[in-house]
Amino acid sequence: MAASGSETLPIRSDSEVVTVRQRVRTWAAQQGFSLVDQTKIITAASELARNVLVHGGGGTARIEALNNGSRVGLKLTFEDQGPGIPDISLAMRDGYTTRGGLGLGLSGAKRLSNEFDIVSKVGEGTCVSITRWK
Amino acid sequence: MTNSSSTVLAEIVTDEQQLRDAWMAEQRRSKSRRSDLMKETELLRESTEFLSAFRRAVASGEVESIDSQPWAPVRDLLSEISVSRARQGFTPPETATFVLSLKHPLFHAIQRRLGDNADALAGELWRTTVLLDKLALLTTEFYQKGREEVITRQQRELLELSTPVVKLWEGILALPLIGTLDSERTQIVMESLLQQIVETEASIAIIDITGVPTVDTLVAQHLLKTVAAGRLMGADCIISGIRPQIAATIVHLGVDLSAVITKASLADAFSVALKRLGVKVLSAPKKSTQEVADGTDTDS
Amino acid sequence: MERIPILKLDDFLLVTIQVDMHDQLAMSLQDDLTERVVRTHARGVLVDISALDVVDSFIGRMLGNIAAMSRVLDAETVVVGMRPAVAITLVELGLSLPGIRTALNVDKGMLLLRQARAREARGLNHGRLGQ
């Protein structure tokens, strides 16, 4: 039976990124997502959580169960108070990376989700949210 | 919540046997009984179980919120019963009657206890009717969910039946697709193919679309994604049966098939697959008529 | 600190990843593997990811690094056991793992490695004969 509620997790270290993956898995399973959909949202979460740690200097992940009548879904919000992203469209381009990664974090997470939103201000921080509907 | 009156209900339900008998009689009288769908013994068992759980929940003192912890066993039981009724062919009102028919015996019992006290009687009857109405509505909710799950499962089974994955040879699977493909169906079918590849340890899968009249961008993309996923897993996918019209559509849509092996027919694809696996098909040597006559030909 | 065990099978090394690795552990694995390939003169590396239900771009990059490093050290890498859900997700993510050979399981992976080695040996022989 679909759950309701939310959970906020700190992202300050490698192992906390792993915890984010585990908690997203638990919530996604509870919401009744198929195996493939679970894999997609956990992978997207992993990318975004890592971004928070590596680029944002640490932050939080919020997991929210969505139950709007007939629609069931999961919303994840990743926030940090890091340096922010000066050029979002550049950052969203496949292959663009500032730290020797594969450059698929933001664009990949967007592709793996039904909804994607990003707000970022240089010097203030970044907030990325993704939603997957069942 | 006044404790004194909920204890009246609590007291009444402790006499499970009598209540159950009265309730069974009520259910038998009802036109929702459907004895054609459910035997007396089964109904008796369900009613007994329900009353037992109901009694324990009422004994907790909480009779307003059926979402609370003490009512969990009752909710679970109603869920099981509703889903099973749905499967057996009962209608939602017939299923709800299971709970609603308990009202009459309960009201009787309450009346016998509080008959002299009009206020207390009205209060208790009201609380009881509200409680049972909530439980009846719950059966409708569970019934609905149960039906949806059956429909989803049937759809899936139909999909799997209409697109069987066939083992052509050790290590070679074929998926002959027939009919119009929509995005959802294609996705399900492709996931099933990948799963079969793992289970049969196939190195090559042939997706044959000879029986598919048209292909749109989404479907073409799903096909390509499946081929790519198969490759990541360590299996090669060949697409066969691309008819001229589909080939034209694909080119027109700008879908890039250069990374995919395509063959005109399933037979061609099978031949390529065998070659890949180093399998050679040889003709059997011709038997002389003498050998056949003597019975010395080794095959028979 | 935990380390992923690396087994030696003939001339090959077998790594079976069975935990959800944090990034640091993934990087140690890369280093450990490089060191072992050198030390054992391994001719092939098998990475078994059949227990992984998630592979993200970091792990993808780790696998790519392992393959590239092995090649430099004259060893082939084969990644085996990728789950369908993971493969579908990687395709959607846009990760293609270029230059990495894959197989359905350890047995098939070993076969691939042996075949590659056999082809290589024939190639060397041809070279000599040609002289």
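Letters A, B and C mark the chains in the order given here, with residues in each chain numbered from 1 onward.
As a working rule, a residue touches a chain if its C-beta (ideal position, glycine included) is under 8 Å from a C-beta of that chain, and two chains touch if they have at least 3 such contacts.
All values derive from a computational prediction rather than experimental measurement.
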Chain at the geometric heart of the assembly (C-alpha centres): B
Contact-richer chain pair (by C-beta pairs counted) among A-C and B-C: A-C
Where chain A and chain B are represented by their mean Cα positions, the distance between them in whole Å: 31
Chain A and chain C: spacing of chain centres that average the CA atoms, whole Å: 29
Whole-Å gap separating chain B and chain C, where each centre is the average of the chain's CA atoms: 39
Of all residues in chain B, the ones touching two or more other chains: 191
Touching two or more other chains - residue numbers and ranges from chain A: 36
For chain C, residues that touch 2 or more chains besides their own: 84, 88, 92
Chain C-touching residues of chain B, taken from the complex the two chains share: 191, 194-195, 197-198, 201-203, 225, 228-235
Complex contacts: residues of chain C adjacent to chain A: 20-25, 53-58, 60-61, 84-86, 88-89, 92-95
Interface residues, chain C side, partner chain B - complex: 80, 82-84, 87-88, 90-92, 96-97, 102-105, 108-109
Chain C partner contacts - residues on chain A that touch it in the complex: 14-15, 17-18, 21-22, 35-36, 38-40, 42-43, 46-47, 50, 94, 101-102, 104-105, 107-108, 111-112
